[in-house]
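Note that subunit A is present in both complexes that follow, paired respectively with subunit B and with subunit C.
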Partner chain A sequence: MSDPGVPVEPPDDVVEAPQAGEPAPEVVAAPASDEGWVGLGGAQSLTWEEADFVAARHGATIVLVAGNQESGKTTLLLQLWAQFLRGSFAGYRFAGSETLDAFDDRHYPCRVDSGNRYPLTEHTTDTDTRFLHLCVADATGKRQALLMTDLWGDLFKDIAIGAKVAERVPVASKADKTMVIIDGEDIVDHTRREAALRNAKLLIGAFASEGGLRLDAPLMLLLSKSDVLNADDKDWYEAKVTNLVEFAEASGFTAVEKHRVAARPPDADPEGLEGVLEWMCAREERLPVIEPERTPRSGRVFTTGRMGVW
Partner chain B sequence: MSSGVVLAGLSETGKTSYLALLYHAIVEERAGGIRLGRFDDDREQITEISDVLLASNVAVHTTMDDEQEITLSLTCEGADFALHIPDLSGETWEHALVDRRWPRALDRDIAGATGFMVFVHCKEINDGLTIVDAKQAVAAILGEDDPPNDEGVDEPHEEQGEASGAAAPEADTGDERDADDEEKHCKQLTQVSLIELIQFFAAVSPRPIRLSLMISAWDLEPSDLKPKRWLSKNAPMLAQFLEANTGEVEAIVWGVSAQGADLSDPQVREKYKDMDPIERARVHAADGTEVGVAAPLRWVLRLDQ
Partner chain C sequence: MPEPIAETLAVWLRDVVATVPDTDTIKAFLESVALGAKCSEPQVLDVVALAHRVASKEKVEWFADLARSKNAPIPAVGNEALVTRLAAASTVRLATSGGNAAIIAGLATQSAAFLGLAPDLPEVATFADDAIVKAGDAVRTRALSYEPTAPKVPGWVDQALVPPAEGTPPSERPDWETTAIAVAEQLDDLAVEIRKRLALLDEEYNLLWWSHAGRSLTADAAWGDVAPPARRVALVGHELAKQTRIPATAMVDGLAAVALGDLTAKHLDLADVVVAARAENVALAAAEHLLLPISTAVAQAKIYNEDDTWKKVVKTVHGIDVGKKEPAVAIARQLIREQHLGKLL
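Here is the complex of A and B:
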């Protein structure tokens, strides 16, 4: 038997394959067997094609989470998931996830046993389209699956300065809902806040252009890290975001909302997450559509609802 | 008829102890009507682990080195069946959670299993205390309005990055896996590990699964605590998951003390050593009702229907 912990080459008949667009995961020794292995998945966010597999079989709401690097996109998704670690949340129960270990791994730097002095969230560095999957059930037992994008923030920065949406974020046109995140830390910095809102406006404008979002897909303008704003900052922001909402509506979006969230205040409980989850889970009549780019089959097992091996 | 039962759980969560108890109860015909059907099965391993229990010793930890399939020919209420237990080693399941793969042979066993028994030690729970929760708890104890902070150090807010300027340790980057199995396993929350295993079982099984969730070392919990309450208190995400997936996972939670007491304590062992092992053991249903030692097995094998 191989020594556990020592990297070894997998046997020839291992059915796992590296995900497209990222390095092959390190293979660690496992019990020797002549019969090979079955990959189980779940440690990484989903590729576009894997997300398609999930959505096609059981339906899912595709939520595009847009915002600059460090604006709090990943923290928001993590904290939504983490609320269920303590119990039901916003009237929903946790019902499963195809990316459970990916959530847990990203949540680890927020925990005492990480040795960190302050909660941290790792940057998303993948440049290809990735999704986190969260399935919840309401009080009646009705299930709702969310496929939430976990995208590199610089993709949105590029769009704000003129790159085409379809080139940087090709999933945009398939999104059922979109959140544009405005970083609260930018709002409290008087040297950055005007630029932050200008960039949000440019992003919304690009999203409304050809190759962008579906205009009938709900759009939320979400202020992150709202706990850092003082009363004056909030007044200033409120006036400005109202203009942004009007701009989005004038651009053709038919369902625009604004909301604020403090997903992980340093010393307090989160605020505003319930509203985000409720907005994500609100039923839409349209069926989700994802048309993936072809990527190699991974052989992994999908867990939600006995979907078998892909 | 063959009935496969998968005993799963991380290392040292009581799988071997329970199996030893169950085997002894079956041989003694005190297992709720389940009896040995034949006497020519290969029972070397299960007899050895049962001997440990009968000697009032702490059960031997099963490793992958001595991992072995166990098959017992049984009979119950006129029906003969073979009980097939593919694996006892906790490391097998830890590998599944860390490497994200399991042997194809085990995959076949899981696909064909009649039932599942998933073990968790009642006191060995990684509940993932967050840094914010810890600060709030300290503040509450100290009676402070504001939680303690490190003077002069900027607190990074939200995502870690070059711009944060914080003197904080490096976080993992991207989707890269940890090379260290042990570290990786220790990081995962216990309830997340259990949900993962159950999700995997449900994914591989061609039909809804029947599962006994076995909370072991139940003698360490207060006598008035109900297993169902323990679950909602100590593993609330798992409790939600089971409630939300009743169509896929039919589950009952049990409190189990196969040894009846902490036999690693010499004084306790001396007190209990002459006691009948089956009398000494305790199995409680979800509502706290004490039941026979084979009740969790009968449930997953649908022998109560």
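Here is the complex of A and C:
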């Protein structure tokens, strides 16, 4: 394993967040951080092994982002990162990234200075498990590292048609949270929308099977590109996604949520990204895995009893 | 089998290791945890501090090196979360190990709770409390060998008294010597048990009379007349620790509350109790450590004598805030804890 990040001393004072459209900052301050080190990002998303280094430092939440090709997975992750180009977002501050340049490279075609007439996102085609890393700090300065998968959409297509989850997406069993993305453009197309939801159902069913996800790991059914839906589409989707949530719960998932997002509407600000970030960062109460073995007690008042209110 | 086992550790490591560790890696991590639980008694405090995320960088590196010696894959830098988790696992292992190490780990974890520190794993606190309860029960267990063995003694004697049949060669006659040794051994065992039983009774009687009398043995005054409040807390903690076997039972909280009276739930400055403990020469732990806050502060107060510099020193060097206010009964309990840790370390 090689160390992907080169720690640097932070500057004495807080670095101002860059303006939208500017290239990614080279040194990013972690205001009110729990220690004085900030990682410089690498140009590539992290391999699974490299992600170990991130987790070892602060702990990390692995977020599996599942959905078909062009459903908006990478766009969602890039836009989440891009919100921090303007400063704090959803109550969190940017606290570093080991994949800063990877974010920036992917986000560049979306920006005006790319020369593109429309914002574009290059689609992921790598079949290996790779992560984008985003570390955020809450108001108290407590850091939270998110390792978000950046996986090829066809892997999930394979799973929906019967391939084993563990073979196609081995990281699934490690995922702390999973988002199943349903493409809004499929929902507005009446010839494709039933198939889109059926695929999502097949994916959820596969994830619930052996070798899939942990059933106690939160699952979010996320409608992407929600800005393209009209009122009728939204009503139709709402009725259908409720059935999907019930199916997920019946399959054994204990924490299922639905949400919608418009990560990059053409003429408006993004919608719903705050909810996605908050869901990703929400800390699950760490429940005890083991309990002390109960042994017979003597029953004597002096050894087992208490006095008064104490 | 002491916890954690491989399956438990695999779950605990989930958010500090991104990959799925293979069997060999889990084994290496498990051996690291076991090694961390075999450290010397003073080092147990460092392991517990690590498990509460309050150890120095040097201690993080020390534990990282321990783990590496068992081939656990610990990054050279940026390994704090992983090392902390392994130390938390070692603390649980210590708490389930029995013996003095379990009591030290249990008391040190309770010290951390007194300082308001949260453990990296919830199991650390539950297993630490359980270790103290079980050790307290074990040290006060009444042995019962008399009932199963004593009734056999008359049988042995009767057997030895049976007259030998006429013509029995001397070598086959009843062996008095063997019988006498068995009876003597039984008497010795009973004497040991009685001594232990009397010691248990002494502890209970002393504490009952101490509580019933309502007076400080040190100050030779009724508890209500022992002032200022910090002095009363220091003497309650001091006298209870002397009367109590290690570890104390939960009953001492109640006994302390009786002596403290209306002070029991009142929040007092830890610094005032430190000054009082120093003045009363309370026999605290000799070592200085974050998890021995009162002992450390008293030691520093002795160095700086009347100067208040000791408060700054314990804050900057050890991270102990003696300006904090805590209920009198909690401070008394901490005093007992540290005196007992002083005897174990």
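Here is the rule we use: the second predicted complex is superposed on the first by the 243 of 310 C-alpha atoms of A that agree within 3 Å, B and C clash if a C-alpha of one lies under 4 Å from a C-alpha of the other, contacts with A are read in each partner's own complex, and residues count from 1 in each chain.
Just so we're on the same page, a residue touches a chain if its C-beta (ideal position, glycine included) is under 8 Å from a C-beta of that chain, and two chains touch if they have at least 3 such contacts.
Because the structure is a prediction, the values reported are computed rather than measured.
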Which superposed partner A:V228 touches (first subunit B, second subunit C, both, neither): first
Which partner, subunit B or subunit C, touches more subunit A residues: B
Touched partner set for A:G162, first subunit B, second subunit C, both or neither: neither
Touched partner set for A:R93, first subunit B, second subunit C, both or neither: first
First (subunit B), second (subunit C), both or neither touched by A:V54: second
Partner chain(s) touched by A:E185 [first = subunit B, second = subunit C, both, neither]: first
Touching partner for A:D176 - first (subunit B), second (subunit C), both, neither: second
Common interface positions of subunit A, toward subunit B and toward subunit C: 1, 5, 7, 35, 37, 39, 300-308
Sites on subunit A touched by subunit B in the complex: 1, 4-5, 7, 14, 16, 19, 22-23, 25-28, 30-31, 33, 35-45, 69-75, 82, 84-88, 93-96, 100-102, 104-105, 107-126, 130, 136-137, 141, 143, 185, 224-225, 228, 263-269, 300-308
Complex contacts: residues of subunit C adjacent to subunit A: 3-4, 8, 11-12, 14-20, 73-82, 85, 92, 96, 121-123, 126-127, 130, 134, 136-137, 140-142, 204, 249-251, 253-258, 264, 329
Complex interface listing, subunit A residues touching subunit C: 1, 3, 5, 7, 35, 37, 39, 48-49, 51-62, 131, 147, 170, 173-174, 176, 286-292, 295, 297-298, 300-310
Touching residues on subunit B, where the partner in the complex is subunit A: 64-65, 67, 91-92, 95-105, 107, 126, 128-132, 134-136, 139, 146-147, 149-150, 153, 155-161, 163-164, 166, 168-169, 171-177, 179-182, 186-189, 191-192, 195-196, 199-200, 202-206, 232, 236-237, 240-241, 243-245, 248
